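Please read through the structure below; I'll follow up with questions.
By letter and in written order, the chains are A, B, C and D; residue numbering begins at 1 in each of them.
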Amino acid sequence: MCAALLIGAGAYGLIVNAHPLRKILAFNVIGAGVFLLFGAIAHRGAGAGLGGDPVPQALLITGIVVAFSATALAVALLLRLFGASNSVTLADAPPSSPVGADDSAGE
Amino acid sequence: MTDALNEVLNLGIAVLILVLGVWAVVARDAFAAAVGFIAFGLSLTLAWLQLRGIDVALTEAAIGGGLTGALTIFAVARLRATEAAASAERPSVPTRIIAVLVAGAVTFTLILCVLALPNPAPSLASAVMAHIESTGVGNPITAVLLAYRAMDTLLEATVLVFALIGVWSLAPDDVWGGHPGIRQHADPNGILAYAARILPPIGIVVGTYVFWVGADHPGGKFQGATIIAAMWLLVVMAGLVDTPPVSRRWVRIVAAAGPLVFIAIGLAGVPTAGAFLAYPHGYAKPLIVIIELALMPTLALVLALLVAGAPTRIAKR
Amino acid sequence: MNDILAWTSIVAVTAGVFFFVAGTVGLLRFPDAVTRLHALTKADNLGLGLVALGLMAQARSATVMLELLVVWGLVLVSGATAAQLIARGQRRGDTQP
Amino acid sequence: MSEFLLAAAGFVLLTVAVGLVRILRGPANVDRMMAAQLFGTGGVAAVLLLGAATGAAAAIDVALTLALLAAFASFAFVKAAPGGDGAPATDRDR
């Protein structure tokens, strides 16, 4: 089982990329590593006739769903940036592009 | 014998996940990376199965394999033009060496932490099982999600709705409140349209089933809602229906209804059971079922529209 | 009776695994995308069917058997559709390079 | 019996892994689109076998979900991939 634990650690070694979409993917890989680590810990806490500790497992489900919504938001931001400035990097975006003029989220 | 086999299998799954994860990050072509990422998500499902987290395996299969995959793959398709420019500015060698060092250090620290985990591990399993009778629910994970840690679940459902609002608010001014996503055009007599007519009925049955057994067996609203969302998106992909304009009243009502019902029941718990989100004695099970029933359409709608993205076309009046 | 069931599932599952291996060999050895697709879809679907059959012999209730059948049917429908679509995309790519 | 099923699951998984390597290296995107297909069959078989070996009846539900969503993913591939139904341009054109 400890072998499975190392994956979570291994997934961390992955933060080297230029394209922002790839950065989102890499971030998801890191997240999956964290989830896996947490899941393995849940498995160690097996007891009372259960295969694993149900509390971390329930939190994992919550976590996966929230990670998905965060990814969706990030992708939407990226697509909007591309639509507004025809580029996906902030550095050399032309200054005329009105990026983020209308992000009044969370009302 | 069985244990040894199991160990080998676990090792194999671990290696598979690692290879796919690395592939998703280092692949030269973004499409290849996205495909690798989907395979990565699907193999995680196997890992959850081996870790005895069947509920988690269901969620991962639905969200990690299906929805996240579709989301990234569509984004890759729309951002294809930018890829050449981005790969031209590869980080310099010193930068990469530093990145490898940092990542290696993080990994090393984590391994140390993992090896230092207490043995036997602390567990809340027996505490959960001791009180599960009072919730009337047979699946311990559903019990945790909707009784012991109901606050987390409420916040999660709210986060989803806020993420959707965030995505919508990224629409350009001229298409404000319009249809999200690109209009799909496909041959209405084509093979995809055929599949989109065959699969969704089965999918809806499966989704409802997964939702319904969630009370006593692995399953539940998130998993069921994801399946239904995927089926809806399939019909949209086949060009049979269009996504609704986000300014429609029913879209907004459904998107807000689930959390509102949840909050209402939570508030009702204050006078009847003495605390926010507490259930009066004996009513726990029906209340949990009501909450799940109310959250289900909200989750399905929100998940599907999150994949569809920001509005891109003007609503037809 | 139990012995017969056990042997049925062993034989069926073994045959299923054999078809998976065959599909993978085809995937590795065939020269172009369409033939590889052919190897993958047909052999693997048959393999899955046999595995499902083998597990059906082990199933404790009719519901489980039905579920196994539904799983296989779903994979058949979707696999056939997706294979069609992929092959069509491939052909279009060939004619207008 | 459960050893046999476990071994069978391992074997199927091995073939899936080998096939996946082949597919991901694949010269064209068409090859890569098969990945979801591969998981739709091989992955589902592995899940079923694992579930039967460990006696987790609910694994069938996981297989059911996997089958549906793998189909969804492969349709998404076809729609999004260059040369698919969505965009006509291929990789080499750019």
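Here is the rule we use: contacts are C-beta pairs under 8 Å (C-beta built on N, C-alpha and C of every residue); 3 or more make two chains touch, one makes a residue touch a chain.
As the structure is a computational prediction, the values presented were derived from the model and not from experiment.
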item	value
Required steps from chain A to chain C (each step between touching chains, minimum)	2
Chain pair with the greatest number of C-beta contact pairs	A-B
Farthest chain (mean CA position) relative to chain C	A
Mean-CA-position distance for chain D and chain C (Å)	11
Between chain B and chain D, centroid-to-centroid distance (C-alpha), Å	19
Chain B and chain C, separation of their C-alpha mean positions in angstrom	27
Touching two or more other chains - residues of chain B	13, 50, 52, 54, 67, 76, 192, 195, 199, 202, 206
Multi-partner residues of chain C (at least 2 other chains)	70, 74, 77-78, 81, 85, 88
Listing of all chain pairs that touch each other, if any do	A-B, B-C, B-D, C-D
Touching residues on chain D, where the partner in the complex is chain C	1, 4-5, 8, 11-12, 15-16, 18-19, 22-23, 26, 28, 30-31, 33-34, 36-38, 40-42, 44-45, 48-49, 52, 57, 60-61, 63-64, 67-68, 70-71, 74-75, 77-78, 81, 83-85, 88, 90, 92
Chain C - residues contacting chain D, complex	6, 9-10, 13-14, 16-17, 20-21, 23-24, 27-28, 33, 36-37, 40-41, 44-45, 47-48, 51-52, 55, 58, 64, 67-68, 70-71, 74-75, 77-79, 81-83, 85-86, 88-90, 92-93, 96-97
Complex contacts: residues of chain A adjacent to chain B	1-22, 24-26, 28-29, 32-33, 35-37, 39-55, 57-62, 64-66, 68-73, 75-80, 82-84, 87-89, 102-107
Chain D residues touching chain B - in the complex, by the definition given at the top	2-3, 6-7, 9-10, 13-14, 17, 20-21, 24, 29, 32-33, 35-36, 39, 43, 46-47, 50-51, 54, 56-59, 61-62, 64-66, 68-73, 75-82, 85-87, 91, 94
Residue ranges of chain B in contact with chain A within the complex	7, 10-11, 13-14, 17-18, 21-22, 24-26, 30, 33-34, 37, 40-41, 44, 47-48, 50-56, 59-60, 63-64, 67-68, 71-72, 75-76, 78-79, 82-83, 85-87, 89-91, 96, 99-100, 102-104, 106-107, 110-111, 114-115, 117, 120-126, 128-130, 140-141, 143-145, 148-149, 152-153, 156, 159-160, 162-167, 169-173, 220, 222, 303, 306-307, 309-310
